[in-house]
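Consider the two complexes below, in which chain A is the common component and chain B and chain C are the respective partners.
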Partner chain A sequence: MTGFAEGLATALEPANLAALLGGSLLGVFAGAVPGLSSTVGLALVLPVTFALEPTPALLMMISIYMAAEYGGSITAIAIGVPGSSPALATTFDGYAMTRRGEAGRAFGISLFASMSGGILGTLLLVVALGPLSRAAIAFGPPEYFGLGVFGLAIVANLVGRDPLRGIISALIGLVAFLVGLDVLTGAPRLTLGSTMLMDGLGLVPMLIGFFAIAEALNGLAGHRAEVEGTAGMRGALPALRDLFRLWRPVLRGSAIGGIIGAIPGAGATIASIVAWNEERRVSGAPERFGTGEPAGIAAPEAANNACVGAAMIPLLALGIPGSASAAVLLGGLTVQGVAPGPLLMTEQASLVYALYAGFIVAVVFMLAVGRLGIPLWVRVVSLRPQILMPLVVAVSLIGAFVLRGNLADAWFALFFGMVGFLMLRRGYPLAPAVLGLILGPMVETNYRRALALSSGSHTVFLESPISLVLIGLAVISFAAPALRSRLRLGRGGA
Partner chain B sequence: MSDHRSAAFVEAGLLALVGAGVLVDARGYPAPLIEGVPGPAFFPGLVAALLIVCAGVLALRPGQATGNAPRTAGGVFRLLGATLWIAGFLAVLPLIGHLAALPPLVLGLMWLSGERSPWILVAVSLAFGGFVHLLFVVTLGVPLP
Partner chain C sequence: MARGWLRRLAVLAGIGLIACGAAPEEARFPSGPIQIVSWATPGGPSDLLARALAEAAPDHFDGQRVTVMTRQGGAGAAGMQYLRGRAGDPHVLGVFTASGTVNMATGRIPFAPGDFTPILRIQVDPFLVAVRDDSPFHTLENLFETARMRPGAVSMSGFGAASAHFLGFQRLRAAAGAPDIRWIAYAGSGDAVVAALGGHTDAVHTNYNIVREHLRAGTMRVLAVALPLTALRDTPVYRDAGYDLAPVHWRGVVGPPGLSPEVRADLRDRLLATIRAAGFQEYMARASMEYAVMDDSDAFGHWIAEEVETSRALLGRLGLLVNE
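Right after this comes the complex of A and B.
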């Protein structure tokens, strides 16, 4: 406790507070602009940190990481375009609330859940640094395969009214992931001989294409659902008791984010989608999810912010980055002469305690920036569509370019925009395709790796208890919607 | 044959074509590195086969009314116009740079969206171009074309 108090005193020094505040502002911005993300925000600020002392440099970076996870929900709720991939699940209910004229309430719930998830993830980091880091490295190819299959099974809950089109949408996402070099052999697949396609189509161009450009094209064709009305700010913000009623989704989302975030390579996107799906599964009214259910915002937002603290567990304890953003953070630590690993806690305990405290202060700044920003986000929502959508398309195209400094990504975004428009026109849900693109690599690579390790024996997936449980959960998750509707039909017929 | 049925046939045909294309491409992938372990062609083959099966089910099942066609000729014009306008922006962006390319992009999309006030069209598009330059290039140091 003395160590934490000293860490808090360090984090509250003026230079460190300034770094944390600057990080929050940049993080919210990086999270909110489609195409940018916590990873890009961290990469942008990395050269700036070279000139800083280690503590403010690292505090600024964790503040960006934390705030960007919240920032992604702003555009997800305001215009239905996830600012970054972990906010994908937030679009399902967040944008539906905005269309109902409850944007302020949705922003408030997202901010409250992000704050709670951030704090709970940090507590997990403090308490479980040792044991969870050991558990995280127990994840091998069979376990990752099980996690990927479990994630893909969520498609069953995202298919909408037509399950066949939902499954086809997921298959389209899987085809999109196949474009590029095979990770295990380096063989080009579906590249049509073009070097431009060797790097793959990428998640960000798909997100921008599907959710920004396709929606804009849909609006131009005369099919976009308009916002029903922008409620006044004061009345629109959620009441405190409204927020406290969401403690269960927030706790469940934080727990899921804490566990999945600690697994290297799993990431906040999977955590938030799993959290949304679990919330829908345990809800007494699953049919309300996707139509503007507050718990459908609270759970994924708590999950993606809990991932931030959890991703630091393998990073600090083992030197293994749990996500792309953590990998940039690792770069920042290395530049500052900090060597993460088992000896970090004994050799640089004061810095670690300052980081722990910094996470809490970063959450407070995120809350302040987010709360002050809500009137601005609501104003953005109330802009006329003929002004808002062109600006969204333009900034999204710039964001697609900035990610890798490659104009090809902006062309891919346009391509996905046209595909997404056609899919929307024919009644295909877009989220399963995104899930296919995200989880395809995890499923395929780890399936082949696991079989290579077991000389081709499929029993490897049944020998691992974690893999077995995850595959079992996948079967239940996939079958649950069909079983539920059968049961309802049975009851109706009786 | 109803419009819905023929649209479903076209849709299924396109999906089957994509699946067949993946299968043809996968035939050229290298053999597995370890015997008995799936190679780079296994997963594409599986996905393509599933896509073709789903396309078959889509074509054969009873027709379902789904989706929307653009309601008017104006809708089609705006749709094609916006797509070509964005493609044109991406084509000229490396040649003329973001400061010159962004305002016409925004102006054109706003006009296609139905904005007709010349003041708003010009002011918003110019302000947006300047804002992007100030934010990305000047403040964040991100090089844009």
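Right after this comes the complex of A and C.
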């Protein structure tokens, strides 16, 4: 406890506070701008951190990471475009609330959930660094395969009224992920002989294309749903009581984020979608999800912020970056001469405690920036779509370019925009395709790795208890909607 | 008013253009900011090298601003294309690594060593084979012996497929009589280490800095390393273990095509001064990198060409060349 007090004292030193505040501002911005993400935000400040001492450098980076996970929800709620991929699930209910004229309430819920998730994720990091890092390495190819299949089964709950269209959408995502070099053999697949397709089509161009460009085109074609409600209602913040009533979704979301976030390579996007889906499942009123249910914002937003603390578990305890953002963070630490790994806690305890305390201060700054910003976000909502959407498209395309400094990504975004527009017009849901693109690689590469290690025996997936449970849950989750509707039909007929 | 201001600017720009055109580039270098193109993963070893160079370089490039330009995509092709497109301009440099030569060798990317001007090699990062502390293998020979007796029973995780890491291991395996060992490819070196640490694979083929902390903590052991490293004084080197080869990862700097020998020598000297700067030395120590400077640009060029040829021959034997 004295360690933590000293860490807090360190985090509250003026230079460190300044680093935390600067990081929070930049993080919210990087999170909210479609195309930019915590990874891009971190990569942009990497050169700046070279000039700083290790502690402020580290604190600046963690506050960017934390704030960006919240920032993504701003655009998700305001205009239905996820500011970064972990905010995808937030669009389902967040944007629905905005269309109902309750943008202010949605922003408040997201901020409260992000804050709670951020704190709970940090607590998990403090309490369970050792045990969770050991659990994380138990995740081998069969377990990752199970997790991927479990995630893909969520498609069953995203398809809306028409399961066939949902499954076709997921298949579009799975085909899109196949483009690029095969991770296991290095052979190009579906690259049409083009070098630019070798690293794949990418998640960010797909998100920008589907949610910014396709929606804008849809608006031009006069099909965009109008935002209802009066300006006064849009700005109304949720009452505290309203927020505290959401403690269950926040806790569940944080737990899911904390566990999935600690598994290297799984990440905040998967965690937040799983959190949304679980919340829908336990709610007793799954049909309300996707139509502006507060718990549908609270759970995924708590989950993606809980992932930040959790992602530090493999990074600090094993020196293994569990996400793209953590990889940039590791690079920054390396340059500072800080070597995360099994000995970090004994050799650099004061820095680790400063990091723990820094996370808490970062959450406070995130809350302050978010709270002061809400009136501004609400004003964005009241802009006319004819003005707003072209701006969003322009900014998104720049964001897509900045990500890798590659113009091809802007072209991919335009391509996905056309595909997404056609899908929207024909009534195909877009989210299953995104899920396919995210989870396809996890399922495929780990399936093949597991078989390579088991000499081709499929029983390997059933021998691992974790994989067995996850695949079982996937089957139940996939079959549940169909069973439920059959039951209901049966009852209706009787 | 505004128009007058604009006109003046246009005239100034015109004068600038004429001045640039009139004076040969070599006459005054550097005449503007320097860009270092990085096509590697942000935060990864090659990206960090680019950033450390940019940090230390201004003092040795007449105070000019030195920035890292990220150009990712196409297995490095995006960055290489940018660099190749700046023919004759010494203000654009690129960090070139073993991965670049392997990608050229596979035929994945339409580039050849001659597309760039080699300047100098900075680091050599030897490959090594590491296992979890409780592994039954205590020497490289243990591991190969088991693989010979039980073909396919031993698995090795590592970065990438048809990558520099993969080929480094294939060369070692060939020297051991090519026992059947399964290569389990991962998208990152860290993931490959986790696989070995979690007991999912029997060993990992990687570099020192990736496993350093696990070695210090005693959670992993190195069976053998390709070249002697100060930090691994007591670890057998491949040659001592009976395998006469030293596969390494390496990193250096290349320029765009069409640089004159004078310009190249000037760049080489400035970069040599840069990598001798205190700040750069500090980065090398922190990142656990050792200098292996090859400052004869021609020799570095031969090294690159030779690496491409060796890799291509090996890939051909393994049936991994991409048809063009």
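Please note the rule applied: the second predicted complex is superposed on the first by the 489 of 494 C-alpha atoms of A that agree within 3 Å, B and C clash if a C-alpha of one lies under 4 Å from a C-alpha of the other, contacts with A are read in each partner's own complex, and residues count from 1 in each chain.
To be clear about the criterion, a contact is a pair of C-beta atoms (placed from the backbone, for glycine too) under 8 Å apart; a residue touches a chain by one contact, two chains touch by 3 or more.
Source: prediction; values computed, not measured.
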Partner chain in contact with A:S455 - chain B first, chain C second, else both or neither: both
First (chain B), second (chain C), both or neither touched by A:V127: neither
First, second, both or neither for A:A187, with chain B first and chain C second: both
Chain B versus chain C as contact partner of A:G405, first or second or both or neither: both
First (chain B), second (chain C), both or neither touched by A:I320: second
Contacts of A:L329 with chain B and chain C, given as first, second, both or neither: second
Which superposed partner A:G337 touches (first chain B, second chain C, both, neither): second
Chain B versus chain C as contact partner of A:V393, first or second or both or neither: first
Contacts of A:V469 with chain B and chain C, given as first, second, both or neither: neither
Footprint overlap on chain A, comparing chain B with chain C: 47, 182, 184-185, 187, 405, 452, 455
Chain B-facing residues of chain A, complex: 44, 47, 162, 164-165, 167-168, 171-172, 174-175, 178, 182, 184-185, 187, 189-190, 213, 216-217, 219-223, 384-387, 389-391, 393-395, 397-398, 401-402, 405, 407, 410-411, 414, 417-418, 421, 424-427, 440, 444, 447-448, 451-452, 455-456
Touch list for chain A against partner chain C, complex: 39, 42-43, 46-47, 50, 136-141, 181-188, 195-199, 264-265, 314, 318-321, 327-332, 334-337, 339-344, 404-406, 408-409, 445, 449, 452-453, 455
Residues of chain B that touch chain A when the two form their complex: 7, 11, 15, 18, 22, 25-26, 29-30, 33-40, 42-44, 47-48, 50-51, 54-55, 57-58, 61, 64, 66-72, 75-76, 78-79, 81-83, 86-87, 89-90, 93-94, 98, 102, 105-106, 109-110, 112-115, 120, 124, 128, 132, 136, 140-145
Interfacial residue positions of chain C with respect to chain A in the complex: 41-44, 47-48, 51-52, 54-55, 68-75, 77-78, 106, 108-110, 152, 155, 160-163, 166, 182, 184-188, 190-191, 193-195, 197-201, 209, 212-214, 216-217, 219, 282-283, 285-287, 320, 322
